[in-house]
């Protein structure tokens, strides 16, 4: 066990050895094992956006096995997916990569101003499937957010009692937030903080912009001179906002982008003290060989093998 | 055990020895132990207002350990926080300061006329974390208040059966109250009374103004000549309204203010027979050394060492 | 045990000996013991109307102990209050007066056309506090009434399984009733009947006026010549409507009134075959000595010592 | 929190913050607070041996309050007793001394070759009474021992889930052990080890003699040259046998003895690295003033203030 | 994932992915990862035989941390121990070696002709401690065996529902078996088969002798010409008897022996198609450096690096 992994686990001293073990399983797996950095492959886009929109550009990705293989071969720290995708491969790939069962999901077949998600699995399902943890999305900003927080608390209490790690996707969204506000630095930091207060072991947010959305926050940021001009600084602020770096915070990429953009983002996450990336569409929406190369570059960046 | 502590505990003769013990743990801890006065450090502002707005002016306060240390070093009677903040320090600071798990929370990422809070923990969590009690907020005046009262009753029944103390934050708020009414003396007294009727061992309200918001109440107050002109009188009326002083009532300060203002408020609380303060932002939104000095002055005021 | 008490208990032969015992404890306690008449002291006005409005005219009444003492000294058959007030005195006055835990409550900090109440305690709480029974309010006429009936049924089933008496406050109120309708004789009789059908051992309603609010009812009342012109007749009709007198029905007074008015009402209740009064504000909103005198007169009226 | 207390708590990193907090409450209470040493007052002799035999030589000790007072005044780290004794004083002395509810008991009204104990309380009772932990006796050597181990495991799991400390009295006894074997060094070390393997946070055994009772053990002890000639060495071996000193082991005195003998035993416990004493009969079977002096000497020995 | 690991997992297709994952975690860990062979370190001798007898010849082994370190450094596939030993290190060594919680235990402080074990933990404890599986001992031949089978079935059902691996120690013993019969080839094969029939994922038995203990069996063995003359043949017969090799069977060594003897046994296990060894006393009852060398040799033998 590397010194860095030990240090990270020390932040979770209030948790059971079971939770620590499952956190260690992720930190110690794959290419980045022992570095304290993580790259997680999440594949819930089929549910979230529809299969054609998600996989037509790389048809092998329609298969649930494809993503297990991609996660294993690329050396990701973990693979996260909804119940169905995991049920369709967990036995076949047992023990090959740490799994995270995404416990709530929604789709785009109806359009809501204030989004919500259906709970589609349980901590017991996660154990049955051999997962190291459970994932749950909250939408700070939605009028349903309080209900989501409460459900997360209940699920998290059960998961922790069973020794599972709890990973929270915190995505500001809802009728009281403008599109711009959803990724504003103050709102992103707030969303990460809420997830940590709800007991998340690992928090996942989107990379923030320099926008400051809330008036009351903007005043304080400006007065206190919180640096938010460049991305690394913003990452640093999000990490700071998540218990001063005592919780693992990772960042998502969003839609397919130019590789150069993604690599620069990874550099900013690394330089700002972020703990890693959760990269779905940029990984699996291209041919496998290209994906592996792409993920290798990212892991090299995190490992400090590339600048 | 001081005579005063014994006297206070005698008011709770209907409660189990477990509840009495946890009340005693708070009354007997820290600088004010044995005086019957309390200063509690609450840190839920990261959740309630956002991390930047709460901590940017004193960046060490981003760390969950900072607040444990502040509560211990300043000699506060207890430290209250949401699940995440307590999980991130309860093992490291086990036994150093009585802890209160704040069981419901909300944020300001959506704006509701009638506020509500998510339940984010349980009495069992409080025991797991070594807490002496649980905290719960109600919003008398919100259209959701009856649901909040009912949930509090359920949580409180469980907490009491497990020997925990129950601390209720009672904040009038909602579409049927004007901004002015939220802190009106009649409404504040009413809010404190409701919390006590719901079984709170300790009631926390905001310092009231001399405003009388409810017509039916105003008539009685004026006819009966209830003195509400100065703050100490208003504190006295709130204490009286909370079972004639047979329940512990403490007062919160609100946003960062001039120290002189806070000290004068503390004098009024003390002179009006209030039991103490719950002081968050005024404590941790300044450098640590200054905080300790600030809290020391407040405790000296309560202890009667300063006039 | 008086013959009259035996007779009353005989109406509840379908209930468990535990329920009978608790009914007998009330019927056999205090000044009116054995007469089959009851005077109950209810003190939930602090919750319902606010503490200042309820107690400022007689400040000793802010204390929870005051009401225990008043109930004991005046020789009331029982004392009914919310959780907090009972918890604050049940140990100190254990065994001195039968207690009823009022299990639901609301406040006037928000204004609803269709009122509802929060459940604020449980049958288990009642046992823990040594109560003989539980009290529950329903609002026939509110859009929430069916939910209230259902909750009462559940609570009542639990209470009866534990041998507790069930007392139902039945107050017609809500958007579909005019102010006048709330106390109309047809509506009052209907409300009492519903409470009895829901399994109440003791039903509490307001004294009805001669108004007939419901068209369909009015036709029948007029055709059948139901006498409703004077109060004793109306009381008789309510008693008749509550299982032909085979359930205990008691009447409440409402706001502070001239003593003479109250005494005349008591005479009407007595002469109409009612079982007694539940008298809150008229009791405790005056100096203690005066209260005791006032209640003594009422009990003398019920006992037939005064005409 | 002293460095030594922190060090001791670090051995229990697998436990919840709640368990750590309750261990800290004992380690930080009384005369020996912060030293890592403990003196616990246990009073179950009334149950175990009969009241006359236990208290007739010091009649004030018939009162349950006497023992609370003795524990408080002498500055013991904790007071342990069966349900009845704690129920008779826990409210009166709430918060004055950490309490341990002894969860099983037996008497001498029947004589068994293979002793067993009745479970006489629960972890929930301990919480209701404000205890920091639960106590449980096992009799390694009794034919009932496996059943006792199993029951302890169940009770311990519940207690730990509720954040309570678990203290195990491990007393070798039963038809397969001679009287001499009951306190043999090999058997005592074995008994302490079993208690620790069953999950005890604190283990209590009797001071061992130099006797080696089990043939298979004697051979190893002699071959390995385990020093058992003097008492301090034997204490050291017991501590070593209890997870190499990573679990708190305390020693009991047994029947009233000459003070000099007890003091010498305390010196041996201290010098052998033992964590303290649990002293019942030697404490309360003498006049209070003498007891206090006696316990003061013991605590001074542990604190190193006396040689 | 090696082809051999995949092949082994394919035998457990009826199990959940969670169970497969935990089997894979053992098969893929340590020096022998991927070979399909296992060496497990079990340390329950302190409980089973007493601490002095177990650890006095290598005093560092009194510490629970010693065994975690030994298992990690030697590259064992897993470490198995009772609750106390795991609780004392599971947080400190989280994620460093697969853990097996031994769920039942007994001691030698009483001598029974028909042995039994106490259940000393649960599947939930195993999850809390981050274990991959639970261990349970049965004593075929004891009059208590049917009760042990039944308890195992219940525990196993719970463990499997939670995704844990089930490892069964099957030790023929009891009043109906002679000492010689306990390790007879027919009895050992029978014991292994029973464990597999009870649902064990991994079966552990002692190395069998050529003795045939049961008349009815002897006749068939002789008639069918089952080869049992040399140890490798006997291992092959046990493996065959355990579902024709479709369940993992490992063998235990017993008391400290000459290294050469152990190595020859390992060769026989390997050559007979056994899956590995569970080696306690031979590992930890010698200096650490010597242990590591000893275990390295064994692993080299299993890996085919040594003949």
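Residue numbering begins at 1 within each chain, and the chains themselves are lettered A, B, C, D and E in the order written.
As a working rule, a residue touches a chain if its C-beta (ideal position, glycine included) is under 8 Å from a C-beta of that chain, and two chains touch if they have at least 3 such contacts.
Note that the structure is a prediction, hence the values are computed from the model and not measured.
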| item | value |
| --- | --- |
| Recurring contact interface, reference D-E, options A-B, A-D or A-E [over half identical by residue number] | A-B |
| Selected interface, B-C versus A-E, where C-beta contact pairs are more numerous | B-C |
| Equivalent-chain rotation between chain C and chain A, CA atoms, steps of 5 degrees | 140 |
| Far-end chain from chain E, centres as C-alpha averages | C |
| Distance-maximising chain from chain A - centres being C-alpha averages | C |
| Between chain E and chain C, distance of the C-alpha-averaged centres to the nearest whole Å | 71 |
| For chain B paired with chain D, centre-to-centre distance based on mean C-alpha positions, whole Å | 40 |
| Interchain centroid distance [CA atoms averaged], chain B/chain C, Å | 36 |
| Multi-chain contact residues (two or more partners), chain A | 13-14, 16-17 |
| Topology of the chain contact graph, where touching chains are joined (line, ring, star, complete, other) | other |
| Which chain pairs touch, all of them | A-B, A-D, A-E, B-C, B-D, D-E |
| Touching residues (chain side chain B, partner chain D) in the complex | 1, 5, 9, 13, 16-25, 27-28, 90-91, 93-96, 124, 127-131, 161-163 |
| Complex interface listing, chain B residues touching chain C | 11-15, 140-143, 145-150, 153, 157, 172, 174-177, 186-187, 189-194, 196-200, 214, 216-217, 220-221, 223-224, 226, 237, 240-244, 246-247 |
| List of chain C residues in touch with chain B within their complex | 44, 46-47, 49-53, 55-57, 59-60, 62-66, 82-92, 105-112, 116-122, 124-125, 129 |
| Chain D residues within the chain A interface of the complex | 13-14, 16-17 |
